[in-house]
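When the chains are written out, they are named A, B, C, D, E and F in that same order, and each has its own residue count from 1.
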Amino acid sequence: MTKSERYEKGAARMKELFGAEPRPGTMHEDFFQITVENLFGDIWTRPGLELKERSMITVAALTVLARERELKVHIRGALNAGISREKINEMMIHLAHYGGWPVGVNGLRIAKEVFDEIDSKQG
Amino acid sequence: MTKSERYEKGAARMKELFGAEPRPGTMHEDFFQITVENLFGDIWTRPGLELKERSMITVAALTVLARERELKVHIRGALNAGISREKINEMMIHLAHYGGWPVGVNGLRIAKEVFDEIDSKQG
Amino acid sequence: MTKSERYEKGAARMKELFGAEPRPGTMHEDFFQITVENLFGDIWTRPGLELKERSMITVAALTVLARERELKVHIRGALNAGISREKINEMMIHLAHYGGWPVGVNGLRIAKEVFDEIDSKQG
Amino acid sequence: MTKSERYEKGAARMKELFGAEPRPGTMHEDFFQITVENLFGDIWTRPGLELKERSMITVAALTVLARERELKVHIRGALNAGISREKINEMMIHLAHYGGWPVGVNGLRIAKEVFDEIDSKQG
Amino acid sequence: MTKSERYEKGAARMKELFGAEPRPGTMHEDFFQITVENLFGDIWTRPGLELKERSMITVAALTVLARERELKVHIRGALNAGISREKINEMMIHLAHYGGWPVGVNGLRIAKEVFDEIDSKQG
Amino acid sequence: MTKSERYEKGAARMKELFGAEPRPGTMHEDFFQITVENLFGDIWTRPGLELKERSMITVAALTVLARERELKVHIRGALNAGISREKINEMMIHLAHYGGWPVGVNGLRIAKEVFDEIDSKQG
């Protein structure tokens, strides 16, 4: 079966952001496809913002909404998109003032977890 | 009475972002001073992120948290910081997918209100 | 220019729910199209839930998230989908216990506003 | 028809907090009764916290959840319960740091609206 | 000591939804009783909505509010109330568009956890 | 290096609330300092509210915002500030009605965890 053009576009963008071809894993099959086609194929490939900018506002949104699992995934994405660890930490300090202190505490903790995981694999 | 160095730094940054010296207006006097010193003097002047980046993540945070009044203020700030109307609109379309559709609908509506207000003053 | 099949499907579903062909009005043009194609064309037409059920959970989500403008739109949709005023009110009383009392107070107030607007047009 | 004991207890507590016997007004009749009996009759009359303390944590909750209409009602309640204007303002400054800056800005603005309304009636 | 009529009604409704007589376990004793009497006895037994409908909007509310522990409990309830696994999954896909993508990702993950737990006990 | 006066004030207040001199541990160094100086030095030492009152509204805010890790820290703080276990539990029962039932269930569960940890160390 051939994949749709929207799927191909979305999968390419996901590979660029997350470093690997997207795979459904244990995710619901239809939702996986909607994620690739509608979210990454249609939205993340639109021309109005650079990948780095989309990554940055996604991390900001997930931080203040306290979506911890998705935040972890997108902090990895942000690093792949070329946003430095220092900038990610600085974002958390800034956002503590717009989403409340716990948003900063948790954002920095989760960022540290991601950085530590990366470092421990490269030891 | 001389103003603190932190106040001066914060007021300068606010002027850069909002186009005018900050004034308390009807805001609680102490909170006004904390806003100038602690939020703008201490945080918005830190070196880790460019003004444009701080503005962008602030708009993102306010959009997904549905803080409409503050969002309006910071969309004006974003324009002053050099973020284009197109980018602001594009942010709203993107964020609709992380905060839910109403976040996008309202973000675009509020951005349009700000743009229209600016245009009507320049007619 | 011919419209996409996804657009046609979405527009038909929106007409069924809101009683009229969708029009962009003052909405951002691209976001309008994404709303018709991706949200209504792709999601609201999926077979897993009846229209009535989709309408009901949308109203529930908007109520507890306090998205008042969208809630108003979807309460009208719910009535068109065949959900009675009594059921809508009862949903608000129930949801007050899961989203907090103000969620119930505001949900009932907004529902009443919609009902009153409908009644005043039919006088 | 005689009213239930739970209703009487709740109505007395509401009168103490809001300064007047509760009336349904335009509120949904059943929800009004549930509010008097279940919320005020059962909960607000429990012995574990003083009225002042219940009022204070209710204002705190409504402030960080951005429930503006209910917040206005409960700021009036807080004043009736003997919490000073200064304390209410101070709460908003404090809570800005746990719910984000807009929570403080809006909390202080709404408190000022309530104080101004009270003052203008006593002119 | 005899239990109140409201308690009996609530306990019966809880048994219908969760498959077993409610027990306080480690829950705070008073809050357990308020849950049985006020939430299930007074609200969940009201006539305006079918049990299936109450269950569905409760799952919708808990999903978009990201209350993961309670969501797990109420997904089990939804299955007992006769809502199919397919419908529960479909709700999550739909709600991703009103509460943001992470709401869908987490909703589907938690639903899968519940389904897997049920299946592993019946192996 | 000498510490700032604001740091000293904040550290003293943190010691009073949490029972020990603040230490950065694994927390981001700059954010640790901002927490001591700006949050505790500037805000928590302001005269408008007693320590007990600040502690109480902080617990209320964290409870309804579902910030579980920070809530645990501040329940310990509340106990140190002289708020009884009974009052903390009662707050959770009350707040269930303003933030939704899961807010009460989780608040009571987390409070119990803190109480149990304290008791097990004193066994």
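Things to note:
Convention: contacts are C-beta pairs under 8 Å (C-beta built on N, C-alpha and C of every residue); 3 or more make two chains touch, one makes a residue touch a chain.
Remember, it's a predicted structure, so these values are computed and weren't measured experimentally.
A centroid comparison over C-alpha atoms places F as the chain most distant from subunit C. Two copies of one chain, subunit B and subunit C, touch each other, and the residues they use overlap weakly: the shared fraction of interface numbers falls below half. The chain pair A-B and the chain pair E-F differ in C-beta contact count, and the higher one is A-B.
Between subunit C and subunit E the centroid-to-centroid distance comes to 24 Å (mean Cα coordinates, whole Å).
Between subunit D and subunit E the centroid-to-centroid distance comes to 30 Å (mean Cα coordinates, whole Å). The geometric centre of subunit A is 41 Å away from that of subunit D, both derived from CA atoms.
Each chain gets one centre point, the mean of its Cα atoms, and the points for subunit C and subunit D are 31 Å apart.
Counting partner chains per residue, subunit D shows two or more touched chains at residues 30, 34, 39, 43, 46, 61-62, 64-66, 89, 93, 97-102. Those residues of subunit B lying in contact with subunit C across their complex are 66, 89, 92-93, 96, 100-102, 104-106, 108-109, 112.
Listed in rising order, the residues of subunit F touching subunit A in the complex are 26-28, 30-31, 34-35, 39, 61-62, 65-67, 69-70. Subunit B makes touch with subunit F in their complex at residues 30, 34, 38, 42-43, 46. Interface residues of subunit D facing subunit F in the complex, by the touch rule stated above, are 39, 43-44, 46, 48-49, 53-54, 56-58, 60-65, 86-87, 89-91, 93-95, 97-99.
Listing the residues of subunit E that touch subunit B in their complex gives 64, 97-103.
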